[in-house]
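Could you have a look at this structure, given as structure tokens, before my questions?
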Amino acid sequence: MDGNAGGFYDPPHSRTRPIAMPLRTLPALPTLAQLNAADAAAFLDHLGGVFEHAPWVAAAVVGQRPFASTDALHRAMLAAVAACPEEARVALFNGHPELAGAAARLGQMTSDSVREQGGLALGALDAADGARWDALNAAYRARFGFPFILCIKRHTRATALAVFEARLANDLATELAGTLAEIGRITRLRLAERIADHGLDGLHGSVAAHVLDSRRGLPAQGLRVALHDADGALLAASVEEGCGLTLLAGAPLRMGRYELRLHLGDYHRQPGTAAGLLDVVPIAFAIDAPEAGYRFTLSVAPWAYSVACTREG
Amino acid sequence: MDGNAGGFYDPPHSRTRPIAMPLRTLPALPTLAQLNAADAAAFLDHLGGVFEHAPWVAAAVVGQRPFASTDALHRAMLAAVAACPEEARVALFNGHPELAGAAARLGQMTSDSVREQGGLALGALDAADGARWDALNAAYRARFGFPFILCIKRHTRATALAVFEARLANDLATELAGTLAEIGRITRLRLAERIADHGLDGLHGSVAAHVLDSRRGLPAQGLRVALHDADGALLAASVEEGCGLTLLAGAPLRMGRYELRLHLGDYHRQPGTAAGLLDVVPIAFAIDAPEAGYRFTLSVAPWAYSVACTREG
Amino acid sequence: MDGNAGGFYDPPHSRTRPIAMPLRTLPALPTLAQLNAADAAAFLDHLGGVFEHAPWVAAAVVGQRPFASTDALHRAMLAAVAACPEEARVALFNGHPELAGAAARLGQMTSDSVREQGGLALGALDAADGARWDALNAAYRARFGFPFILCIKRHTRATALAVFEARLANDLATELAGTLAEIGRITRLRLAERIADHGLDGLHGSVAAHVLDSRRGLPAQGLRVALHDADGALLAASVEEGCGLTLLAGAPLRMGRYELRLHLGDYHRQPGTAAGLLDVVPIAFAIDAPEAGYRFTLSVAPWAYSVACTREG
Amino acid sequence: MDGNAGGFYDPPHSRTRPIAMPLRTLPALPTLAQLNAADAAAFLDHLGGVFEHAPWVAAAVVGQRPFASTDALHRAMLAAVAACPEEARVALFNGHPELAGAAARLGQMTSDSVREQGGLALGALDAADGARWDALNAAYRARFGFPFILCIKRHTRATALAVFEARLANDLATELAGTLAEIGRITRLRLAERIADHGLDGLHGSVAAHVLDSRRGLPAQGLRVALHDADGALLAASVEEGCGLTLLAGAPLRMGRYELRLHLGDYHRQPGTAAGLLDVVPIAFAIDAPEAGYRFTLSVAPWAYSVACTREG
């Protein structure tokens, strides 16, 4: 972002300097200022894929540059979608692949969709589960005329299924609005991946823990804390160093059920102590707000413990 | 328990013996059956003082004997008061001494009132407090035409004063009803003191504690727990034996503020342990239900503790 | 309660009546006094099976009657075994079936052994597990000359296997003594099943829970608490009524790993409350003392809980 | 730190600029570099009072400049004291005022001592306490030949008295060493007050609290937390904003007994909640390490709370 003077109006609060000549090529991860200053083709080339199979959305806003923030850019893109006739919106919706659908199995999805759906291994369902998703996809499309769209990065398979079934019962107006809201979530995350200084907030959640040793009056340094999903798979693990530890962060949390596990037995088996009847202490909890900060504050002793959970944001 | 004719078979374990002839004299603490079977004079002699300076209340119900329960007797006595004209009720109210009033200081109260008021040392107020009570007594009597009446066994001085001030703002109808309710509480306790097998429930509250050692996985045997009033005076103390301990019971609890104190430092200073920064752990709480069971369940470690309070009944 | 001939003084509070003539037949569950008074054949008929395939143990003590207590009877029987030559003891050991061995599969065990082993479903092992047990049984018998004997009512499969492997490394003297100790545990439980007023203590453990609601200041009435084994199978469940609940009692606890589950989500979903992120709260723990009382005292809120465990006895 | 002379080479990362000519005058709070560069008179003028009535200590080290750190300067000064004959050290000790002694009452102390002793209001003792201090001072001086010296900023009156009495029983060698250690603590704090960028660590302790609401799953925002001394005097108060709150910091903590008070009743009396029986929750604790960080992590509900204390550093 090495500015270079020349005739531009520099808004008082801009943190990035305007650039004299439109950029024909952009770096892999450009700044918002570079996107504002790029020529239209480079802008469209970089952001045309934010809305699935709908480069026209980026084209509809390219003339509105410069954008003061990535959030303003995102709002302009959503406004362009909201402003177009319902048929155009439904066509946009129809550009999306079905969740766990044939496109996924046949490898026909965009690379964004592949990455987003891949997190749930929806392409690797067994026959019975695959049949269930196929039936839901078919029922949804028959009822509403477009595929079921969900910001899948915020879900586990269990919650995606539950939402799917709940939404099948809605009326068309609710689903038109709800689908646009999900596309808003999807595209917000895609913009954040494409703009270096996006400054978007509320994208990420976190799971953190802090464990105090009530026998010694210190943080439980050396205690291993692990996070598992509802099937018992290990998602993350860390060791209490004294100031608490963060297990998940930097992405939306997937809604669903989880289990934090404190390896208290190993911790108390340190020399000179007795282990008690507690070995691995499980703390089962549900995440329902993917962008929230979940924090578990614990105090532990060989024969007792207390757990306090907070969810912020 | 009806019946009093002669020639009964007396089962070995019966606790109340039917009696052929009305009893002319009663034991110091008769059973309800003995009161049912006594001649009227003995009944009135024993129960005439239940309503302060109003032996006519006992006289009004002596003919309704036998009573199936002490509770039935009490309800009959209250019904007799409620049925009489307002002037008679007010006269009954006027038979009561003022709280902390001149009668108390001059030694003119009934022995029941002396004992009941004595628990709060209302006769030993300093000049400023005495003046405050005198002013309240005068204001109350001027407003309602009878003295302020309170079942003082359920109060500390602080809560008695607070109730006094709150009730001064009531209208006459509320105070007529409220005063009768207080007299109901007073006389229920007096009946319980006069009848061996009274069977009245809801008379007594209790304060109990149970302390678990979260470092050893056992009740904290040997831990001293003390109960203090709001001024810090020791009311009761006991040592955890393993099953919890009862600090107060057998009487209504006085409403007010209290502090439970766990002598955790002494407990943890047992050989082989470190004391931590906790010595005497205070747990401050308020009693607002004199007939309830308050229970404190605690788990303690050298550097941490948890407190859970329950109030039942 | 010594003696059985006629003309005894019968103390007022004895619950068992002395009998003039030796009993030829006994009730299904006789008292110790009846066993003391029975003729030798009836005594041997009733107690001959206490030591597996070794009625001679009962025969060795029949002449020592009367026994003052079931414990004295048990000690006398163990003393008879301890007093006999090592070859006789080894022969006694060899009368026991292998755990999960061929006798179990072929239905050749005594009914006592069938019931005792049945609790672990050792007869229904899959091929791999069965092979493992067979290998251990063979190795143990080859090393020591008698089968591996364990009071199986105190074990889960996991702990039985762990003990089995640990004991294989012992020397013969240790295993002779250890096997006799296990037979002592087995026969003590068998005597308790055969004598109505056995009075033996230390036979049974228990698992109990008490849950307090820290938002309402009451026991968490209506909260479901379930006990599961390490494989997730439901062992017992109950609902907090206010005074705590007992989930297991009346038998030795099987050593191993367990999980208590509090159905907190359902509890907090009662009208007027919010559920928080806690649904089923798991408390994982290990039982290592089959005759102890394990108690879990919990306080719960929608977003926090504390757990204190005690083990007594 | 706006340098003054011209023409210096300014290394890119230096935080203090070297100075060509010795400074004749120093700012009120000079940097270590300025002290290193000052002329000897200015150095002595600024630091001569660090050791009570003993400017010779500063004079003994002025020639050792430059010092790489304030800690190195402090160690050099203590080494100068340790290196001199015992009589000189005792003379240095004798330059200190007695704690709560006549000098304090007569206003003859140095301003440093006035400020240090003033924190405990030792000049305002009542007659009985004053007599006790006088007796201890006299006994100590008679026994050891110099006054009792204590880094009073680390003490409350109670702990100062307790240490005083304990130290009276020591032998001379112990007191010579212990007094020098206390003077080390005193002068370290005085250096920190005199040098802008002193960089001394381990000078300060802190008391902090963090309170979580276990009913709502959030920090208890708006909850007032106050810190009181053993006599109930308010030392500090703050309101939980969400990230915890610091009540004391920036100075050594005074050893002694304290009480943290959570105004839980006011907090739970917010609209829509019930207060429970807990109003002001006291947490009594002892500080024994004036330079440590004490942290109290609490979770609160209307009828229960848990407290975990840590002490670090």
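Each chain carries a letter (A, B, C and D) given by its place in the written order, and its residues are counted from 1.
In this section, contacts are C-beta pairs under 8 Å (C-beta built on N, C-alpha and C of every residue); 3 or more make two chains touch, one makes a residue touch a chain.
All figures in this text were calculated on a predicted structure; none of them were measured in a lab.
Asks: What is the chain whose Cα centre is as far as it gets from that of subunit B?
Replies: Greatest centre separation from subunit B goes to chain A.
Asks: Residue numbers at the subunit A-subunit B interface: does the shared fraction exceed half, giving same, or fall under half, giving different?
Replies: On the two sides of the subunit B and subunit A interface, the residue numbers are mostly the same, over half being shared.
Asks: Taking contacts as defined above, which has more of them, C-D or A-C?
Replies: Between the two chain pairs, A-C has more contacting C-beta pairs.
Asks: Could you put a whole-Å number on the gap between the CA centroids of subunit B and subunit C?
Replies: 49
Asks: Calculate how many whole Å lie between the centre of subunit C and the centre of subunit D, each centre taken as the average of the chain's C-alpha atoms.
Replies: Roughly 63 Å, centre to centre.
Asks: Take the average of all CA coordinates in subunit A, do the same for subunit C, and state the distance between these two points in whole angstrom.
Replies: Taking the average C-alpha coordinate of subunit A and of subunit C, the gap between them is 53 Å.
Asks: Enumerate the residues of subunit C that touch no fewer than two other chains.
Replies: In subunit C, 212, 214, 217, 276-277, 299, 303-306, 308-311 touch at least two other chains.
Asks: Note which residues of subunit D are touching subunit A in the complex, please.
Replies: 210, 212-214, 217-219, 242, 297, 299, 306, 308-312
Asks: Give every residue of subunit B touching subunit A within the complex, in rising order.
Replies: Residue list for subunit B touching subunit A: 212-217, 276-277, 299, 301-306.
Asks: Report the residues of subunit A in contact with subunit C in the complex, numbered from low to high.
Replies: 257, 259, 276-288, 294, 303-311
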